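Pasting a structure here, questions to come.
A, B, C and D are the chain letters, set down in written order, and residue numbers restart from 1 in every chain.
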Amino acid sequence: MPETAYPRETTALLFVDPYNDFLSEGGKIYPRIKPIADEVGLLDNLRQLDGAIRAAGIQVVIVPHRRWEPGDYETWDHFNPSQRSIMQRHSFARGEWGGEWHPDFAPKLGDLVAHEHWGQSGFANTDLDFLLKQKGIAHVIVVGLLANTCIESTARYAMELGYHVTLVRDATAALTQEMMHAAHDLNGPTFAHSILTTVEVIAALPTTSRSKEIVQ
Amino acid sequence: MPETAYPRETTALLFVDPYNDFLSEGGKIYPRIKPIADEVGLLDNLRQLDGAIRAAGIQVVIVPHRRWEPGDYETWDHFNPSQRSIMQRHSFARGEWGGEWHPDFAPKLGDLVAHEHWGQSGFANTDLDFLLKQKGIAHVIVVGLLANTCIESTARYAMELGYHVTLVRDATAALTQEMMHAAHDLNGPTFAHSILTTVEVIAALPTTSRSKEIVQ
Amino acid sequence: MPETAYPRETTALLFVDPYNDFLSEGGKIYPRIKPIADEVGLLDNLRQLDGAIRAAGIQVVIVPHRRWEPGDYETWDHFNPSQRSIMQRHSFARGEWGGEWHPDFAPKLGDLVAHEHWGQSGFANTDLDFLLKQKGIAHVIVVGLLANTCIESTARYAMELGYHVTLVRDATAALTQEMMHAAHDLNGPTFAHSILTTVEVIAALPTTSRSKEIVQ
Amino acid sequence: MPETAYPRETTALLFVDPYNDFLSEGGKIYPRIKPIADEVGLLDNLRQLDGAIRAAGIQVVIVPHRRWEPGDYETWDHFNPSQRSIMQRHSFARGEWGGEWHPDFAPKLGDLVAHEHWGQSGFANTDLDFLLKQKGIAHVIVVGLLANTCIESTARYAMELGYHVTLVRDATAALTQEMMHAAHDLNGPTFAHSILTTVEVIAALPTTSRSKEIVQ
């Protein structure tokens, strides 16, 4: 049973990198996460969670990775292995289908969209903390991809910034099963305040929706 | 063979949490890391690396965790599981032996000592980035404890802040072998620029010491 | 008339640099601010405001400048003119009377004390934002010294971090009258949400004190 | 005579807010800064400085304010007076001429363009620090608009982040003469490392251009 309550006015869903390249058939990275995505029921869980969050009147925030552009990283003093991979794959290329939102998870009216992040943490070098402050958010539920990279770094930063942090073990995926295990059983328990399933999060949401005057 | 050169003027060793509670017989956490510390040769490696770094004239920076004080965390809106554990154990208690530096790794003249960090990252809520900037540091070698918590968060932050990041797989430890595996084989390769052994780092250091006028 | 309400649970008083060197007869910098401090009634206003804030059950946060230590700044790549001045004067020297709290404004039980700041902003390179987040603070009232340096930088940062910011024009001082004018009439109105007098702030505070269980 | 050297490899020009609304005849804010812009020779100085910086092979970084979009700020818990003004004027509106680059100062190949900033500081809630780190920048020369708001906050942040900071007193403007005086004679000297004229900066630049292999 989840112990945490998620107050409507102080909770946000952080949806990290809902791009076609990650979440859609034909996406550049989708085949590499598909085994685990299928196993945990990722797409269905994201749809149910997204729907329940919106029905509860809770703020949705899209937390997007930098969309690759020609020249990216090439003149940097030092890019890391993930960035080298993006340079080779052109992941989330700006102006291409892979860098567009998965159609089920595109931002809707009232959603916030943070600056694109260059690395793994949606907070680093972006306005995400600022946008959350302007809404009085204190609790973040972090979902999307990948469990041990962008989700984990965003969640580690959220903790350091003073937020209450929830991970959702079946609303994310990774390249391997042991990466999922590392994210949720080894590392997550050292920094996250709660690690739940989609069903458990939905059960913990407030049951009546807030006034629509703000989100419309 | 390491590909990275470590320029004397732009490299720093970040030594995270060199407290008795972590590194000394009788320390509160030492028994829990001792199996892996012994296996990788942690203490000897830290001594050799520390010596080689200083002989090369490279900047040493101590990156200390918050020393526990009475009242810590108790009135916070939400502390995380690691902080709950610290509240119970009184880890690194200020004014007690456990919160003193391991005698081999106490700061020496010319070392920098960052603000104490509340969470896992030595950069979060501290002056570490600022101190490194004032020395023109671009490369950080991150050692100390624990591999998958403070070391990993400090290294993830260093990458997001634009530093070149090196992990040293036998100059750290963790509670379990699979946590070491997660830190160095699953997660580290996604954000760190180089993951080496102590011997490899020492081999890559510049061979002649810089002018002593600064460090003395 | 102040338009702003200061909710007890989400407001904090940020008291910047309440050192003897700034606020006490015999302090190193006090003679330079005394003309304006006397003119605005600084000490009396700080006492009244501090008392009213505590009576209202509002969180007090001490925001201290780096206490000078031998060697400070000397090996930095570039210190600024204020830091050069501190090197010469040994302002707020650690272990000396000038670096001790003014006796009326020393931290009391339940107060927070942020990390010391190296520059002008109490948020830069410190844990101030984090401490405020752990208390759910959204409104900050910034008082202390100097109006156009540490107070202004702390207040500019608070705005960028998403806080509601109040300046108090007679609970601060500066070296010259035109610096006060710049802080409150030229610059403050571009970033602060409210610029009040001590009397106006006190009139806007909640009238009944919160439960004492937290602050005791 | 300027004492500062500006090494080609570690210096960047930060050009803040080069929008038509600020710098072009017909811009929404231009009429309000025109008296001082004309007096100091702003446009000519910016052109000469920009040309000399590029001829010297020094990195140019565009530091843009948030372009106004419908809905901006309206649902925030608290916007500040400057943001209220932008809501009313639609300053730098996205998709309109006022929010386009002044034609002489649009980004060129090899320039960096930071995330748009919501407040006054080009560093707050953006990737500016990160981009500078990836180029090894240690010295920033901050020009553009307005002297006492975005330029001053960007420069105050740069100092807190550990950069060497230069202000250029005739490569900026403000609404009033006393705001210019506050920026350059009252406040700037407390945080900036150097306050020069355009002619003095140009005289201090390195005289031969760097290899073009990086910037092309």
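In this section, a residue touches a chain if its C-beta (ideal position, glycine included) is under 8 Å from a C-beta of that chain, and two chains touch if they have at least 3 such contacts.
Predicted, not measured: the structure shown is a model, and the values here were computed from it.
Ranking all chains by how far their C-alpha centres lie from the centre of chain D, first place goes to B.
Remark: among chain pairs C-D and B-C, C-D carries the greater number of C-beta contacts.
Centroids of chain A and chain C (each the mean of its C-alpha atoms) stand 37 Å apart. Each chain gets a centre from the mean of its Cα atoms; for chain B and chain C, those two points are 33 Å apart.
Here the spacing of chain C and chain D, counted between their Cα centres, is 29 Å. Counting only residues that touch two or more partner chains, chain D has 77-78, 118, 124-125, 129-130, 133-134, 136, 138, 160-162.
Chain contact topology: the protein chains form a complete graph, every chain touching every other one.
Every residue of chain C that touches chain D in the complex is listed here, in rising order: 77-78, 80-82, 118-121, 124-125, 138, 148-149, 152-153, 156-157, 159-162, 164-165, 176, 178-179, 181-182, 186-187, 189-193. The part of chain D that touches chain A in the complex is made up of residues 75-78, 110, 115-116, 118, 124-127, 129-130, 133-136, 214. Per the touch definition, chain D reaches chain B in the complex via residues 129-130, 132-134, 136, 138, 160-163.
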